[in-house]
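Chain lettering (A, B, C and D) follows the sequence in which the chains are written, and residue indices restart at 1 in each chain.
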Amino acid sequence: MIGSIYGLIAMGYSLIYSASGLLSFTQGELLMFGAFLGLTFYKYANLPFVISITLTIAIMFMVGVFIESFIIRKLVKAKANLIFIVLATIALSIVLKNFAMLVWGSNVFQFPQIFKTGFVKIGDVNVDPTSIMAIVIAFIAMLILHFFMNKTRFGTSMRAAAQNPLAAKTMAINVSRTTYVTWGLASALAGIAGFLIGPVYGVHLEMGTMIGLKGFAAAVIGGYGNMYGAIIGSFIIGLVETFTAAYISSIYKDVISFLVLIAFLILKPRGIFNSKVYDEE
Amino acid sequence: MLKIQDVVIKFGGLCAVNEVSMDVEPNSITALIGPNGAGKTTLFNIISGVLTPLSGDILFAGNSIKGFRPYMINKTGIARTYQNINLFSNISVIENVMIGQHCRRDSNLFQTLFRTNYQVREEREIREKAMEILDFLGLAEFSDFTAKSLSYGNQRKLEIARALASTPQVLLLDEPAAGMNTTEKGELMDLIRQIQDTGVTILIVEHDMKLVMSLAEQVHVMNYGRKIAQGKPYEVQNNKDVIEAYLGTE
Amino acid sequence: MIQKKMKYIIVTVFLLALPLVFIGNSYFLLLLCTGMIYVIAVSGLDLLFGYSGQISLGHAGFFAIGAYTSAILSIKLGIPVVFSMLFAAGLATMFAVLIALPAARLVHHFLALITISFGEIVYLFVSHADPLTNGFSGIGFIPSPSLGFFVFDTNMKYYYFLLVIVAVLLMFKNRIIKSRTGRAIIAVRENIYASDGIGVNVKNYKILSFALSSFYTGLAGALYAHLIGFISPESFTLNQSIIFLTMLLLGGMGNFYGPIIGALVLTLGTEYLQVLGNYQMLVYGTILLLIVVFIPSGLIHVVNLRNLRKILHKRTTAEENDDNA
Amino acid sequence: MEKTTVLKVEDLDYKYGSIHALRGISLEVNEGEIVALIGGNGAGKTTTLRCISGLLDAPESGNISFYGESIVKQKSDKIAARGIMQVLEGRHIFSKLTVKENLSLGAFNRQADYASTLQYVYTLFPVLKEREQQEGGTLSGGEQQMLALGRALMSKPKLLMMDEPSLGLAPIIVRNIFEMITKINKDGTTVLLVEQNSKAALNIADRGYVIESGRIILTDTSNNLLNNEEVKKSYLGEK
């Protein structure tokens, strides 16, 4: 369950990285934002589930597009140092978090149950149907994204622009459009993740920060910028965490995740797959 | 002075430099020519330690410098300039040259923190020497400008100034005349001769034939990662392979 | 030259006299002391980010190591505070070297990430290692530093104590920057390939700047612990690292005055914005975003001191470049 | 018969920060021609091409018109859509995409006669058909150059601009590529060719421009340039 959520976040990181060579620190807060949006639509506006999630996705997509067009592009155009762009995304995540506090307050919200029954029995184990739904939807989202990127003309042009923007420009591809769509998609993925995780863990301001960092760890482990590596990395992080919580102590599950991340950054920084990490290359 | 022996390097299956050997005589001007992509800059990167060859050896004054990191190579006495200018662009011209002396100076952090006499004297010497070098290259008037505000030609000169600051025995110049007009090229030629007169050995990669033919004592020609010819300028100019690969066929 | 000396004298007299104006306003003095501690911490961050070009989002971690180490050593082992502070800064430096050894090679965003992770680990550690750090309840009754029989136990005394330390540390920073070592650090920021090619051992200087930087920030942490007398994990979150960065960027990095201006303006400014309550971080975030997007070189370049000075003193360009190096 | 001017560049000035890269470049390309732009490294050849195709910021001053319409401040994708295709120096194929995907991106903005154009490209370069499903990065240098050229042709360009097509290729392959350029030209595509291999370029071109330090210093028919003493000395390496 948690692995598939990390997967959605990690794919978002990878998308952005492969398209712009940038690291966005906003993914976690976008997840939180998505969860709050979902909560608002589903609980307070009493909209049906499907409509709520669609609305959330649509709004989150727009948020991503907005971030790219009004902040990131400005910085890239001004030839700002990469690190300033990273800083901008960090600043943005603080703004998002505190904006959410302004709107929704800092309480923990319970997402209303989506299914009537409490548990579903699979073999001998009781499983929460919401978790199953989350995994299924996450999986479907990944499939759709895979299909979109590989089988559609626009998806191919997005991959092309990510690989070699200069050449893509000479191919009559509007690179700025593929870039903001990428940010939109990444943001939408975070939104879906937030919407899915809300009913299981509750909705609150801090929910995104840890998940965001761990999703990032997953992306690193999978080989930064590699969508499929990101998914594998997510399951590794998910498993490490579950085992730590079960056998060592749930307090240290975060510490262990960070240690795994640091170990990967130091020992195998290219991840299971390959990507550029060193300054001197 | 500098001896390259059977050096090989590959980039993903492609042999970028293939068993190249060459000798650079002390205090000579030696040129390396060939079409774009022939492996000249790659060879420079090998000599200056940016790349480590798969096999072969590089000898400097009789000692192998293979596998040295670039900063170590600089300390042994080989300095270089870059084809696509690599200056410290946001700091002043004189500071660029002061940094160039880094490997020849030795004041440490504690001398710095307590400004010992030694450190103060060294600092003054560094500044004076930097100024001398700028004078020599005709850049003195720009000493307080930021490096990036210089014209293209002057940026190339500053690269040379910074390299000279490390008092090299061998100076590698990677396309120093690129983007210069005829007058600037003329000045550059004079400058290179003057540097030679101070006892520095010069290895130069250049496309401008006029410059190469009038400066170089020895010319090596590369194509496709291999050395295809070497000799005096006029010998090379009349070499069939060279004409075929580089200078152009009828 | 005389004018320069005059300026120093005026500034010194002003700084010495400042607390006298606020006798009785202990709260303001506390604020001023906090601001000065931030000046140290942010100057440290400046050495790393502003001069060597390496980002750290984990400086709250070094701040925490400094604060906790000094507090624990002085309380549990009874080590004199001045020594426990130095030891604490040394420990922070050691951790920085340990991090930098492998991390200094990483590109910016990975470095950002690894330093965040470091900061988070330190935070999680101090929150949960109860026997040592007392967990979330924090450590109280941290003693004040003393020299001989003189104890710096009031905010006024602490102010003068800090004034000396800040002056020495800033002087050291300035000396480092205008030296062979400092130039090598700047070279690394400007162009890694060229630095390497011109004889600068890039890796060593990256590690060195990490070490110097964390010494400053670690010492600031220790000074903070002994000023407030109480520390708890919540002062050392990622938010604190971001506050350091915001101060640095607001003031202007890679610049002598930048960290001073940034740290003081934000410390005093946000204190007076207390009405904002919970929304303090919203303000920080917004400030940071606006600076990054609109004035990445910081306040120092908006209020261009160089130009101002040029008008006032008609100094030569050479000296100006010197100041700005 | 009056020839139609396809591309007209007038007094183009371009700066990269403090570096004045182009200082008043003017040139013309007429329909059906092959025009060569020759000069040394750093002379401004690539900058000129990239100014035309909109890959750089707008130039300081000067005008570029395509079939009489100014394109000087347009974005690269609009310019490409008008029919100016550039084959970049160093080929810049999409190395992680298959040969076929690469080609299909060439036709990004025209799908109408996709199949027949693909057929045309495959007849020009049969090797691309063989390698259809391979990733671009696995091709040899010469094959990559063919792919880059083929990809540009997929859009049926009105003007094909080639930047250093001979770069890093064996003489025999260079000959092959240049023959293909001649053939493409015969089939009706106007070509602007930038080359350091001046002789090979002038041999297939109708006219040539010599560029030095951001200025056009000489222009003439290819034959005259090939026999010009100054050109021989500086660019052809003859005495």
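Rule of thumb we're sticking to: contacts are C-beta pairs under 8 Å (C-beta built on N, C-alpha and C of every residue); 3 or more make two chains touch, one makes a residue touch a chain.
Values in this document were obtained by computation on a predicted structure and should not be read as measured data.
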{"item": "Chain A to chain B, fewest steps along touching chains", "value": "2"}
{"item": "Farthest chain (mean CA position) relative to chain B", "value": "A"}
{"item": "Averaged-CA centre spacing for the pair chain C and chain A, given as whole angstrom", "value": "33"}
{"item": "Rounded Å distance, chain A centre to chain D centre (Cα mean)", "value": "42"}
{"item": "Separation of mean Cα positions, chain D and chain C [Å, integer]", "value": "54"}
{"item": "Touching two or more other chains - residues of chain C", "value": "193, 196, 202"}
{"item": "Arrangement of touching chains [line / ring / star / complete / other]", "value": "ring"}
{"item": "Chain pairs in mutual contact under the definition given at the outset", "value": "A-C, A-D, B-C, B-D"}
{"item": "In the complex, chain A residues that touch chain D", "value": "153, 156-157, 159-160, 163-164, 166-175"}
{"item": "In the complex with chain C, residue positions of chain B that touch it", "value": "48, 50, 69-71, 74-75, 79-80, 82, 86-92, 95, 98-100, 102-105, 107-109, 112-113, 115, 119, 122-123, 126, 143-144, 162-163, 165-166"}
{"item": "Contacting residues of chain D [partner chain A, same complex]", "value": "53-55, 75-77, 80-81, 85-88, 92-97, 101, 104-106, 108-109, 151-152, 155"}
{"item": "Complex interface listing, chain D residues touching chain B", "value": "17-21, 40-43, 141, 164, 166-168, 170-171, 196-200, 212-213, 233-239"}
{"item": "Residues of chain C defined as touching chain B within the complex", "value": "172, 175-176, 178-184, 186-187, 190-191, 193-202, 208, 317-318, 320-321, 325"}
